[in-house]
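Taking it in order: structure first as structure tokens, then the write-up.
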């Protein structure tokens, strides 16, 4: 049974080789995957074109269900985006170095899920062609967006988060891009030459690189938190029962990290399988991720129950009604399914046997994500179904148009990701080397594990951080 | 604009601060529209800052080449003599054919354009003019109110040169034969003028 | 203009309705609806269709909940009869409730609109500017009365086949797909009324402006007017019922007075007062 | 008086649909002129200035609503030659108010399915013809008709049109003018006539302190709803508030507003009345000396228990009603279609009237009506007997020519009458009509009528108890289609064709009307000159006419009730209910009314079957299920609406939908319950017994979401509509 995070005897050349190999001559499977994704995207595109021409009607949205899957899925994707930040920024700062082999694709995930999420608020607009009106640009008419509206805050938050996370991803890749540059031919070489910004790997560069990277990490963490808090404000700022809940910001953030980690597990397994990254994305690392996920899952579950409790013991009868309607109303089956996926399923992660079994983990991670998506849907829709005004009580089921667009969004995400893994190194070579170096430097596994705890008790150990190691 | 001056300022007349800002913005916008400064022509209208902005309208063909210049300029006929509804209604109105015939049954009857007109009159059908100054249908412009503000309730203003006020939005029609559009007539154009002559800034004044 | 307001009057603006929404309004249009007189005949609703260019959307879309009816006549059954088997029949008849935009002074729809297409006018009206609306539908989600309706299709395409379209009211625009719309208290009539008054060089007086629903109501259950006009009938009614703007709970000298505002506990501060339905026993 | 035609059309393009086009563009955001088109639209001036008309400013003209027989006065807002909106005429009987049918009548005027030119049947199908051809046909077929072999079949007609019509009939030597209204008060009128000697007495809602109504939907469809609503609200409901008790098998709009709604087994209303009388006499010490002995004997037979057993109305309810009636004097007892539409309908009405006599309401809340002096202008009110008679006459081949106008018997007649076939037996059928309804489409010659807002006419409302008025109709705008003619004009031309003396002088109906008004006595003119009088009449919208005050006798006929029979294998009663939207089906082509939810059930665009929860659970149906309502005459299928506003033994299906013709909006949505009525008539008056049909209900298995507006039917604890007791109301606001 494998206990080491990584085999410290890997030759560095091999690391380069393995990673670079993953970027070359795609196999048939890859093209099939690409084709599938494109097909999915086309579904969405067709649906959107239809909706664009006819109006919002075909999506089955109605009075009072003015929002539905679009917004739910939007929140879902925003949530997804928190994984990367978590792994690369938070874990970076607390120096959990097992993150090194897997943070790259997690960051990519962040960027791409944001790019996906950003589409939904636009798609759900009744008059898409006027969407730029939400931007505060100097108009001839001298009118401005309404800065009190959470939707405007969204617009700002998301754009900021997208830019900075993309930047973070890029900066973190520079040393690897340099490696690629040195090994690539043809257009790739040109590309990497431009992107690696003349990286030579000398001390000065490394020092600045570290600084910047650390700064970005510190900047990104509060940003990530604020973004999802703001998204939660879309609901928390309204007066609708079931939306107007104080604990929403932390609740949403927790949910975000949760779904993000689950997604990481999924992609971890996929990449490991297809790119044969067995030596980098090792079972112990997967286990650690799973433990982390489990912890977050428990936090989320706690907050979920808190939400119920606070409504239940509160005095707002209407809020109680809408809560009960979630448990017993027309959407109850999905709600219960959500509770199962979100609260019960993660316990699979607590069992080592499962954690080490890839297929199980794959399935579980998908279940968790389903749960998270359902959670968003169960926040948006039941509230609209029953709120203050009895005459407007109604049940609505989304039409194929909505499903198609939601479905397509996954294709879009997949497509971006597929392109990424072929163009950029999906495992950070230089950081893996650091990791390997560090393991090699202290020959025993338990020492290695000791170092993991060094973040907390550096002084008495008195060792220099391995983070600064030269590659 | 989701809040209007009246909604906010305690007094109907605007506070100093607002005045400053509005001037600053006015300047800012005149810089925006700095390329074309044609405002000089309308100096005669008291207590009014004419709107700035130009537009090169393509010339619209009309069934009869109506010479505004001859009527308004050479013969100095007041605009409101023909566009008689302007002071009473939202639309200025095109003179009924009978009004044209009122004069032209005797004046210049030999001219080709008048002949054409007479044909229409005898066929008992009015000519179909093409609309030159058009705004979208969710914009509800009222001639009446603007004439009130700039002409009838504007002391020092002489009704004789009402054409100067018309010129704010219709350009110097006196100098044209068939009217053509020389002002943008878009929202920016309107808003700037409302800013400077403190007209209402409530959206529902114009959009319903 | 908006930026100026944001810069200069932000605090004032934020204080919004704390003082009951009483900025110096020129008017404060409001209604008083007597549910004792209202028979639920639905004339008001149809009059509204006629006045405000409301499209008819047909059976299927209406059933889907994609219809538009700025003024909807609601009918409720008394709860005990509905719930258990206490009584065999609806012995006390139904409760009818004409529901149009309440023009809240602390409207929940206003702050959430991303492009400020809905805002409060100097007349105390809750305005919806069609050509500014981008259709995010947030306002409708945030309206506790669910009184905002959305153009899910380009309804005008089928609604007014020649020559039905000749009936369209030229004083307000025909809405296209993707915009939110709602009761405007017949803004075009308000405009006309004010213009006429101005033309005749006088103040707007009670009765100059009557909304389509109020005018057509056979039982005169709906009374419309300016709440700032001391001798307007509507003001008198509000006074008589001891209902005031800017309260979340009306404290009354006589608890038996009938006046109330729907869901006023939410501090939306609506401008429409209802008066209890009356039943013998 | 209306704007020029071109101007109107153009203006529309300019403001109406033009608006739509622009609305799709991205606002006026573009700094240049993207949204502002130059030379795309036409402006057309008037040829000569129009009096009154200033472009952009509306003018109102008075006219008369013809959407239902009550004939309310309206003001039409006209702008750029288009009539845009109707309001009630404040000076008329109906006041400023107008019901939804009146509001929607504009859509009748602008209806896309209107008949725009004459049509004649050529080889089976109706084909457009010119008026010349039409007149030629008339000459061949009609004017040649032998004496007495022609007839008119119309809805309610009044004013000078009916004068001309009478003259025309006379010229043809035919006495047969069938006036038919599917929704009528004929039985009630018969009883009034026989008891009070006044068919339409004045009902004083304003004086009544208690109203007991046996299915008279006076807020919805009964006689003159808008007028009644007005009195109901202004007097009856305010101040010293009266109590309204509604006894009926299915909740009507009036029932929905009742303080006490009582579901009686259909047809037993009379029994209930007797029961109440019984209680009044025995418990409440009302002395019955007003009543003949026969009646007293009959009453004494109906003890509370017996009544309960027959009618299913609980004993204490009867007592309660009696108590109200005794305490709240004067009271007013009414009876309407659900009580009249039975074999014993006349007795039911009589029993109700008996209560009025017993309670001494006659002279208090039921007063003698003043009748207008111009007898010939009075409204000829319709009944359904006319249709039955006509059917048999037509069947017997009595006519060569029949003119149809303002009535649609082919649609409203029960299937068992076989109306279509019988009409087919008439060699030449002429339909004067605005719309391609069933009857019109079965005619041989169709003459297009102009809409009430395009023509000159005078109307006399059937119900104007105190002061009488002749209501004017004037064109609010130019006819939409030049081919349509007003009824008056057609009649006039026909008279000329017949060479009837005295009509040559008038070149159109307008001229005729003017001369008629000029001919009115000076008293009416109030000293005005002819022109002044005319313009005053047109301006006001009506002419006050002097009246002769009438008087009431009270001679109560015998009040007897036949026992109640349970219907064997058709256990349920069918209630073909009328509502204010569809009325008798004439409004089914108005989209606004199709989309306006029914006042009680909130269902739109379709028919439904109202069932009581108990019945539903017995049948095992739930809301939205399709059920089959089957009588011995046929069956209809519609979706179920379950509520406690219908009697356990009854199902209610609204009439007015289920058209086979009548334009795009009416055609093919809903079902027509009138088709499955059993052949039964009221024994005394011979009226069609519309509510006497027995049916059985069966599931079809199909089910669908009910086209119904609104979610929850209760307020779920919110204070949306809160209710206070009348005592509180009287304490706070009582007079």
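Letters A, B, C and D mark the chains in the order given here, with residues in each chain numbered from 1 onward.
By our rule, a contact is a pair of C-beta atoms (placed from the backbone, for glycine too) under 8 Å apart; a residue touches a chain by one contact, two chains touch by 3 or more.
Note that the structure is predicted; figures quoted are calculated from it, not measured.
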Between A-D and A-B, the pair joined by more C-beta contacts: A-D
Closest chain to the centre of mass proxy, which here is the mean CA position: C
Distance between the centres, which are taken as Cα means, of subunit B and subunit A, whole angstrom: 58
Chain centre separation (subunit A, subunit D; CA means) in Å: 66
Distance between chain centroids, defined by C-alpha means - subunit B, subunit D (Å): 52
Chain centre separation in whole Å, for subunit C relative to subunit A (CA means): 44
Shared-contact residues (touching 2 or more other chains) in subunit C: 1-2, 6, 67, 72, 74, 76, 113, 116, 130-132, 154, 173-174, 177, 179, 263
In subunit A, residues with contacts to at least two other chains: 130, 133, 139-144, 146, 388-392, 394
Where subunit B touches two or more other chains at once, by residue number: 1-2, 25, 136-138, 186-188, 191, 195
Interfacial residue positions of subunit B with respect to subunit A in the complex: 1-2, 25, 29, 32, 186-188, 191-192, 195
Residues on subunit D engaged by subunit A in the complex (per definition of touch): 26-29, 31, 710-712, 714-718, 720
Parts of subunit C lying in touch with subunit B, wherever the complex brings them together: 1-2, 4-9, 12-13, 23-26, 110, 113, 116-122, 125, 127, 129-132, 171-174, 184, 187-188, 191, 195, 198-199
Residues on subunit C engaged by subunit D in the complex (per definition of touch): 35-37, 39-43, 45-47, 49-51, 56-59, 62-63, 67, 69, 72-79, 81-83, 87-97, 130-132, 154, 156, 159-170, 173-177, 179, 192, 212, 215-221, 254, 256-258, 260, 262-263, 274, 276-281
For the subunit D and subunit C complex, residues of the former touching the latter: 8, 11-12, 15-17, 19-20, 22-24, 27-28, 58, 79-80, 82-88, 94-100, 102-104, 106-107, 110-112, 219-220, 225-226, 229-230, 232-234, 237-238, 241, 243, 246, 251, 253-263, 324, 480, 580-581, 591-597, 599-600, 602, 604-606, 614, 643-645, 648, 669, 705-710, 713-715, 717-726, 728-729, 731-733
